[in-house]
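To start, the structure under review is shown below, and the notes come after it.
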Amino acid sequence: MNVPNERFILKVEGLTVSFDGFKAVDDLSFYVEPNECRVIIGPNGAGKTTVLDLICGRTRATSGSVTFKDKELLTMREDQIVHAGVGRKFQTPSVYEDLTVFENLELSYPKGHGVFGALAFRRDDKVRDRIQEIAETIFLEDLLEEKAAFLSHGQKQWLEIGMLLIQDPELLMLDEPVAGMSVAERKKTAELLKRIIEDRSVIVIEHDMGFVADIATRVTVLHQGKTLSEGSMERVQSDPKVIEVYLGH
Amino acid sequence: MSEENSTPKSNGVSRRAVLAGGTALTASLFMPKGLKASDFPTSAVNTTGLAVTDDTVTIGILHSVTGTMAISETGSVQAEKLAIEQINAQGGILGRKIEYIQEDGASDWPTFAEKARKLLVNDKVASVMGCWTSASRKAVLPVFEQHNGFLYYPTFYEGLEQSPNVIYTGQEATQQIIAGLDWVNQTKGAKSFYLLGSDYIWPRTSNKIARKHIENFMDGCEVVGEEYYPLGHTQFNSVINKIRLRKPDVIYAIVVGGSNVAFYKQLKAAGIDLTEEAPLLLTISVTEDEIRGIGGENIEGAYACMKYFQSLDNPNNIEFVKAFKEMWGDDMVIGDVTQAAYLGPWLWKAAVEAAGSFDVDKVRAASPGIELTTAPEGYVKVHENHHLWSKTRVGRAQADGQYEVVFETAELVEPNPFPEGYQ
Amino acid sequence: MKSTFLSRSELIGFAILALIIFIALPMALDSFRLNLFGKYLTYAFVAVGLVLCWGAGGILSLGQGVFFGLGGYCMAMFLKLEASTPENTSIQSTPGIPDFMDWNQLTELPIWWQPFHSLAFSLFAVVAVPVFFAFIIGVAMFKRRVGGVYFAIITQAFAAILTILIIGQQGYTGGVNGITDLRTLLGWDIRTDEAKEVLYFVNGALLFVVLFIAQFVRKSKLGRLLIAMRDQEDRVRFSGYDVAGFKIFIFCLGAAFAGIGGAMFTLQVGFMSPTLVGIVPSIEMVIFCAVGGRLSILGAVYGALLVNWAKTSFSESFPELWLLGLGGLFIAVVMLFPNGLAGIWSQHIEPRLKALFAPRGAPKSASQSTPAE
Amino acid sequence: MFADYSMSELGAIFAMQGFAGLILFSVFVLMALGLAIIFGQMGVINMAHGEFMILGAYVTYIMSNIFADYMPALFGMYFFVAMIFAFLASGALGLFVEWALIRHLYKRPLDTLLATWGLSLILQQIYRSVFGAREVGVSIPDWMMGSLPLTDMIEVPINGIFVMILAVTISFGVWIMMYRSKWGKQVRAINQNRVMADAVGINTAWTDRLTFGIGCGVAGVAGSAFTMIGSTGPTAGQLYIVDTFLVVVFGGAGSLLGTIASAFSISQAQSIMEFFLSGSMAKVLTLLTVVGILMIRPQGLFTLKLRK
């Protein structure tokens, strides 16, 4: 395994979490470089989503360390982690159904995040322009005044991605971004993702191997909370341990 | 107590009041019909715009029909309606039938104040029979004083109040408490007392008076414990253990409401048999009404100190109990407050007739000195301070839910709402 | 855009309410009934706060009576001190202190009563004390992510605790009787009919101030954040917001509204008692809000008026049926009309009205079909 | 305070006080079990829980009258029959309420809270109309009143022992049902994954209804038992709600053991404080302590850490 050095944007070291004795993530370490697209794959229950939860502060780790640009994330609140530059998209699309697309994006706009900031927040031209720009990126420019509840599943996924983009995070974590999409939507999404991962670091959980091969810089295979294999797509695919886990038994 | 104060005053007005009241309970056949309305023109008897017509006069009844206090206040409503019906059967007041407007205080003090305002301002009732808890009385008091209403308040209570707009037909605390304490001390030789109560003003003030009396006026007597539990508390095992620890001669209990039931049941279950009188239990909060909920077998042997028991053996009371049961059913029981509520309409009638007017100011002026020889509890008289002279009695609870009267004061006890030396 | 402070239909809604409160009711009602409606309107303060906390923020507090009571008690303490002049209380063993203290053998005014000699301090306390307690409860609960049913139960426990405390410490609080017999405000007799009328209008005006504040909050980004939090709390958190801070703020705001309502209650009714603090009134205040429509601040006002008016008139004619009616109302609102009166208005009445006026009027009615405020 | 007493007297009193704490514990367990089943399984807080208990108490009252009038010879045993009927009556009402109200509101737990509060008002009024506003006196067989002298000085109330045995029996029964019966397995399956449970053929709707019914039935039995120590009136149920909710919430949702542990700690705390302080202050301090701990540990005493 690589020796950590300062060129990594995210360092995960010895990360462990146990739920009543069951270790969902067990002494996991990996490192992400700037502008890298890391894909995490693994069978169900391998702990993939839990790893993202731990990094973004949704689940508290039992031990270990996660440093993002020299900041220890494990002791920070979720919102502080976001402000540090980490964005997270959930597996099921989570958007605010009672609000319009515009309002969804507006709430994610990185300004007025304090209580009084939110009270004083004004919808100026800068905000509008930025929302318009993001909406175009995520193919929703015609639906800005629609309530999010009326969007299709795929459109909700895009909207959530858009809500992350507007914050312009340095590290973006996506949990199965193309799951449950139609073929056409999936194609569009792949295109979208490729565009947005260009200038930032990304961690993606995905099952679609074609899609993974398309975007991944490196791949980490998780199994029972531990790293089973790590490296380029070709290397991982030819690793006998991986083949056994996926095809064996 | 002074002799001249406990005998009827002999001026004519009072005599007429006595006569009028005297027709209440004996068969109306023998009695002359009431006064004729035509002798008392409305314009003369009602100069302040009350709800008085040529043949009716409207009063208010203000009690809780719903909520936690409904349990206690039902009896008062029934007694007041009985009295009104009997007065009407005799021809009413100044020849006018009494009509009543009943309002529900809903066990909620702001509601009491609201309804009191409604009765006085909108309905212009000539008087109000009502309230039960001190809190409801305190809530309506400013309303009555502001709008010059006249309230007959039936409950035994903590005293420390004397309003020109209220006649207190129940006993104030010293009247009720002192005679009973002296009695257990003198007859039973009790020296040590454990004071217990629900946590609100009446039990606290009453226990304060009890403590002052025990410590300052009863030789060699002491209070060994004083304890309060929130209203509605249902677990008394801890206090029962404390009582065992202190071994008082007397448990002085002022527990009310649902807590009462829990307290006596648990006392019995803990092996403290009240009939053995070791310790003896003296209460001022359990009337026959409460025993129905507690169960006679659970409280048998306890002593209660108040002015009225259903079992009082006098002609007035026998008539009253009979009439009450005829109107409301054979399974009814009558407690102290119910009887006091029954006095309200009669005292008002006597005062109105003495004043010859429904005007509140005149009724108020006529009220002190009004006597009722027909009261179920015996003879009562209104004191200058708007409370009643009355006897205090001690009863011993029987398994059938009635009290056996074991003691009564020889004289009427003077009401003293602001007792010196007890504050 | 909808970000403007009042849309046209909202403006009409506010205007109608103002007409009802300031003109229709005073003209139609005698002084007694007007005072009653004034009392109902004090509950509307709580209901408006609940719309923000519960309807918008998803935080159901079953302890709003605590804040209503604290505000009311702060006001009552001032008025009681003013009523307890040495001349008025000369029959007491210690003249110059409130009567209930004298009955409980207190011989001097407790130190924490002293500042309530000052009206300015008392008015400050009416808002500050409820907010202070709300802040403590809010920080403790929301920072630890207690919400939903747990929060409801714990706030309910607070209502129980405060009630027992007030009743138990009667030497300092007046106990179960409450603080009664309040007479004047800076020498102005608040018991007269004229005073009650003036207080009614003051109350109405304050209610509008509160409504405007509520409207401002709802129309700000904070208002949208509350709705977002109610639906997807995690998403809000991962959009970089400290969710707890917003909940604390809105809970404190609700408490401040309730405190103002409590103070106006004390002024108009003339006393304050623990029966307004406990569990039952706290839950009833929630139903005012639910009947009016938990999403609509104007609906909450109508809800408070309607339920209380029904309570008064029902209990005048059929006292036994009142509980059945109130219970049925709870169930019906929850089961059939979760958005209350406002929901009925925006779903059934408003569209018909629009259909009625559509041929003549503007065709752009679709853009106005957001729920009535 | 204790200077004048011999060691044996003190020992006896402390033993009895310990016993008082155990009785309080049993009372809390009985109050809370039914609610805990419902809350644990469905996340529903049933505000009418107290009224279900009072229904059991009224059933006991009716049975005592029936036995006294028609079968006086068997009066000593009526209580057991009454408890069964109390379970059936409250349980049946529970089934009905689930069908009519609760099932429509599973997605809105706070609304359930309000709807069941409405239900509690209606039930109170019905009790008042049927049984009168006054409390009814339930006569208890003589053998259940009185106390059992363990030593010269230590006496324990028989009804206390009865309540304790009942609490143990019912807790055990509930444990058997939850962890040994098919229904229990289904309940736990639904609790963990409702959609999957549905998919594998568990009748989730019926299981929910049964759960609610059983929870209410247990409340009825508790109410029946409480006629021995408390009052039976239309509004008596309200006396219990705050304590009951706090026991359940403090114990942590979905944990039978938690409910029992929480009942134990709250009852012991209250009982000890009641002995040394005034009753009102003991109550306030107990409530404050519980709320304080809940603020530090909002998930309650016992909760399974689960992946969300």
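Per-chain numbering from 1; labels A, B, C and D assigned in written order.
What we mean here is this: a contact is a pair of C-beta atoms (placed from the backbone, for glycine too) under 8 Å apart; a residue touches a chain by one contact, two chains touch by 3 or more.
Protein identities per chain, from UniProt: A = Urea transport system ATP-binding protein; C = Amino acid/amide ABC transporter membrane protein 2, HAAT family; D = Amino acid/amide ABC transporter membrane protein 1, HAAT family.
Quick caveat: nothing in here was measured; it's all calculated off a predicted structure.
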| item | value |
| --- | --- |
| Mutual neighbours - chains that touch chain A and chain D alike | C |
| Most distant chain from chain B, judged by the mean position of its C-alpha atoms | A |
| A-C or B-C - the one linked by more C-beta pairs in contact | B-C |
| Separation of chain A from chain B, taking each centre as the mean of its C-alpha atoms, in whole Å | 76 |
| Between chain B and chain D, centroid-to-centroid distance (C-alpha), Å | 38 |
| Cα-centroid distance, chain A relative to chain C, in whole angstrom | 44 |
| Residues of chain B engaged with two or more neighbouring chains | 65-66, 199, 228, 230 |
| Multi-partner residues of chain D (each touching 2 or more other chains) | 125, 128, 238, 278, 280, 283 |
| Touching two or more other chains - residue numbers and ranges from chain C | 164, 167-168, 320, 323 |
| Complex interface listing, chain C residues touching chain D | 54, 60, 62, 140-141, 144-146, 148-150, 152-154, 156-158, 160-161, 164-165, 167-168, 279-280, 283, 286-287, 290, 320-321, 323-324, 326-331, 333-335, 338 |
| Residue numbers on chain D that touch chain B, as the complex places them | 5, 9, 13, 16-17, 19-20, 23-24, 27, 125, 128, 132-140, 145-147, 149, 155, 157-160, 226, 228-233, 235-236, 238-239, 270-271, 274-275, 278-280, 283 |
| Contact set on chain C toward chain B in their complex | 30-32, 35-36, 39, 91, 93, 99-100, 102-105, 164, 167-168, 170, 175-178, 180-183, 191, 269-271, 273, 275-276, 312, 315-316, 319-320, 322-323 |
| Parts of chain A lying in touch with chain C, wherever the complex brings them together | 56, 58, 77-79, 82-83, 87-88, 90, 94-99, 103-104, 106-108, 110, 112-115, 118-121, 123, 160, 163, 167 |
| Chain B residues within the chain D interface of the complex | 65-68, 70-71, 74, 199, 227-230, 232-235, 237-242, 244-245, 257-262, 265-266, 268-271, 289, 291-298 |
